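Before any comments, here is the structure.
Labels for the chains are A, B, C and D, by order of writing; each one numbers its residues from 1.
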Amino acid sequence: MEDKIICVPGQRLCLSDDEHVSGSGTYERQGYIYATVAGVVDLVKQDKGFLVQVHNKEQSIVPMPGDVVTCKVNVINQRLCRCSITCIGDTVLMRPFRAILRKEDVRATEKDSIEMQKCFRSGDIILAKVLPMKEIHSYQITTAENELGVVIAHSESGGVSMVPISWTEMQCPKTYNREFRKVAKVGPENIVID
Amino acid sequence: MPSDSKRITGPETTIPYHYYLSDFSRKPDFKDPKVGERKNGRLPNEHRPVFLKTGVNSQAKGSAYLEYENTKVICSVFDPREIPNKNEFSPMGELYCEFKFAPFSCIKRRGHIRDAEEKELSFSLRRALEPAVCRHEFPNFQVDIYVYILDSDGSDLAAAITCASLALADASVPMYDLVTAVSVGICRHLQFVDPTNEEEQLCKKTASAESIDPQAVITLTYMSTLEQVSEFTISGTIGVCHLEDKIPALIKHCNAIYPLLQQCLIKNVKKSLGKKKYS
Amino acid sequence: MASVLLNDAEKTFILHGVEVDLRCDGRRRGDYRPMELETDVVSTASGSARLRLANTDILVGVKTEIDVPYPENPEEGKLEFFVDCSANATPAFEGRGGEDLANEISSRLSRAYQSLPLAPLCIVPKQACWKLYVDILILECGGNFYDAISLAVKAALFNTRVPQVTGSFLDGGSVDLEVSDDPFQCWRLDITKAPVLVTLSKIGDNCVVDPTAEEETCSVASIVVAVLDSGSLTAVIKIGEGSVHEQTLIETIKTAQKIGVELNSSLMTALNQEESLGPKRQRFGFLK
Amino acid sequence: MAHSIRLASERVDFSVPSDKAPPQLFTPGMVISQESGFMRGHGTYGEDDSIKASVAGIVDRVNKLVVIKPLKSRYNGEIGDVVVGRITEVQQKRWKVDTNARLDATLFLYSVNLPGGELRRRSVEDEQMMRKYLTEGDLISAEVQNINSDGSLSLHTRSLKNIKYGKLGQGMLIKVFPSLIKRQKTHFHNLPCGASIILGNNGFIWISPVINAEEEHGGFTINLEDAVPKSVREVMVRLRNSINALAASKILLFDTSIQYAYDQSKKYSVVELLNPEVMLDVAVMTQHQLQMLE
């Protein structure tokens, strides 16, 4: 704990060279890396040298293209569903951001036969990836990857959390009713938290 | 703070009693002050003691309180939010700055709705902070910065800028550098670094229309690591020749305040690290 | 500012142009575009002026009205600036769109004009004074508002005629104001203490005067300097979101001061020349 | 001399004397013809058995069709026109382009040549990369492909043999009235004075250094490193000011008139070309030279 380097915005951290690359919480100017937030300097080992980062617990973040986000589904219609982003990576947001998931971004294959109602229901919690921003005021997200899609859904009848039984179906443990969803393959590393 | 049109704002025709004091209307005396002597015993180029504190408002993302003796400023910074009423894509985030005097902070009572002076100071505040904030990190969003002058005794803008910079850092808004600001009042051969209200009045009042003596208040905002001036305002009349030595002098003062902000932030980080250890 | 959409290639082109001292319209860094000035264009105003700087078009009208002095300055008149960014200039100003810019300009103008002595505008101390309303209308915008507006304002103030009014105390402390019967018995303001503003826009490593709207988009920071006839500065304002180095700042202010003095004298030459045409000269206004 | 303040009395009238009689001008509501048998075209309306003008302009009769051509208008596109436009918006699979028309034109993703060959399929990645190809503010030269039912234009930038449409690099844009651009076989010119010019039918004129035809860069990467040499820049600036002089005096713009104006402007310095008197002189001399040609 004692040997941690604490820095403040504008503080020069090190030379920017082949071995030190500017990461989050830092910026590069005229061959040096500087800090942009007050926090603790962290060197992350990469294949070549280090990624210099500054960590700060409370840093406000906004979704950036490529980020994996956790969203809650709000409204669904035939073309798209509106969600609100509640987490970016493993950071919980203070206030949610609006996002749109279009029909063609639900899955990578058989795009023509997608029915939104058979993929999501309002109230579902989904994992998605942020697409490059095109319009103001809403992010576009995609679930067109195996690891993306619904992670938590409640059954229509029982209101209990359902368990996935295939890529497209989830089952209610109480009523054994099956419902259609675009199910995410949650890897074991995501389940183990802490 | 949304301006509340339904609030009853007392009669506007009231006049503070100070104007009826016998010595108020008298033009300030110029002959008396000896060089190197100010009312409170300060040297001409001596800054008032600085008190800084962060995290004074738990509701805000970041906040700071600053005190230069009787000048007291509080500032809150909030999380980025979507820019209201905007329809086009903006690759750079925006800063929304609101500079407000508390109604009781000045000799004359201030209204609840921002007046022209407060709006102008808000502009200056924004100009001073904009170059220091990494605005590309929150495209399409704005960060709200609210500065409240609780007690005004000169150097309000400088105090507000320094305070807001600290609050931004406390809110972990990414910044290229911290900014600090210092004012100097000039009146004839006299100069007052970090002027009090009284000294500011002396420097602002046009003694006689014919005089060509310099009389001005200069405020300079500086980013010490980047060595850049982010905001610079003069009000008053001054020759170019005076600026050449005043600007470097002001920068020196800014550089002197800079480490205080740094220390304040380091203390903060240490505190939060300590907390983590126990939790 | 009402910004123009430009892409990187155009910006680069402008930037390189400033570097080699040949701007996109052939000017060097220190050149102004041709300006055109006419005073006394509005018959109902006490003073007015219209200034066209390339396609920036500014109309200024000065109204004189009687008011009570501020209690803190009982022996001075009042001067107030109002800027109207009319939707004539650009649809972006429609509704409240131009309000921010208008507020910014007017507050900065009043700061720069603090040097103008207001004591002559006092009629009866504590009781009555003249209030000058300087209304600025932006009719067309082609960059460089501050310079154009300040020139137009100064010309309008030069043109302003304040009626001769005498005040006398009546019994009971009330004041009686008497306006001279002769409508031509007026006095004029001394505008030697009125500044002109010079904007220097930093583009790349150099500064240019009189930026066009396109150049303004390329510039990250501009310094506006208010300069009096005597060469004294009455205000320095930074506009734009960038920052400048201290040396640049000092150099810029020095350059601006020199230009400001020249600009002041050119303006006075033009005004005197127009004056010499006599009161019966033809008014062109918006025609021809 | 760094600045000049002129008086309104010195204002210059930009109109160039012409020996031709001015055409009759119709104003909205004016009766054009009361005879029957005419067809109403654009800019007219019928009332009480007569054809009246709905815009201010000059009449144009083609057989039985009566059209009023407005003096001043936004750009009315025609298929095959060359236009210069600015991207204003990136949307789903399309860009919106400001072409000085009443509505923004549309440029579909499938109407552009993407790097990697003509026949490449437009993938989802391309859709997400759209902002990388063309983003807000970028200038393009394009051809009008179609006019939609609402009057907006569809553009394409698929280059033909010798015409190269697409993203524009370093240079300057001038905006003039669309009616001042003379319709010609080609609107792309490499002028002998050493600059390249695109006269968009929509009134947007693009001046750039001479484009090397051999250069192959897929069309979407722009070289921002190399500065345009000062000598070339001077030619471009002079061209710009000459064109502005012609436009101020309402002289039709095409390669010959521009070349003449450029030659006439040689006796003045580039900065002098901003002065109204000089602009008028250049315009008058050009007009004169053009008349000699006829």
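Heads up, the rule we're going with is that a residue touches a chain if its C-beta (ideal position, glycine included) is under 8 Å from a C-beta of that chain, and two chains touch if they have at least 3 such contacts.
What you see is a predicted model; the values in this text were computed from it and never measured.
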item	value
Chain closest to the middle [Cα centroid of all protein chains]	C
Chain pair showing more contacts of the two, B-C and A-D	B-C
Distance from chain C to chain B - Cα centre to Cα centre, in angstrom	27
Chain A and chain D, separation of their C-alpha mean positions in angstrom	47
Chain A and chain C, separation of their C-alpha mean positions in angstrom	53
Between chain A and chain B, centroid-to-centroid distance (C-alpha), Å	39
Residues of chain B engaged with two or more neighbouring chains	88-89, 132, 223, 226
Multi-chain contact residues (two or more partners), chain D	90, 136
Per-residue multi-chain contacts in chain A, two or more chains	134-135
Interfacial residue positions of chain A with respect to chain B in the complex	1, 4, 6, 8-12, 25, 27, 29, 34, 36-40, 56-60, 62, 94-95, 97-98, 133-137
Chain C residues touching chain D - in the complex, by the definition given at the top	5-10, 12-13, 16-17, 19-20, 22-28, 30-38, 50, 54, 151, 209-210, 259, 262-263, 266-267, 269-270, 273-274, 277, 281-285, 288
Touch list for chain D against partner chain C, complex	2-11, 13, 86, 88, 135-139, 168-173, 222, 224, 227-228, 230, 233-234, 237-238, 240-241, 269-271, 273-276
Chain D contact footprint on chain A (complex, rising order)	104, 131-132, 134-135
In the complex with chain A, residue positions of chain B that touch it	61, 79-83, 86-90, 132, 134, 137-141, 169-178, 223-226, 261-262, 265-266, 268-270, 272-273, 276-277
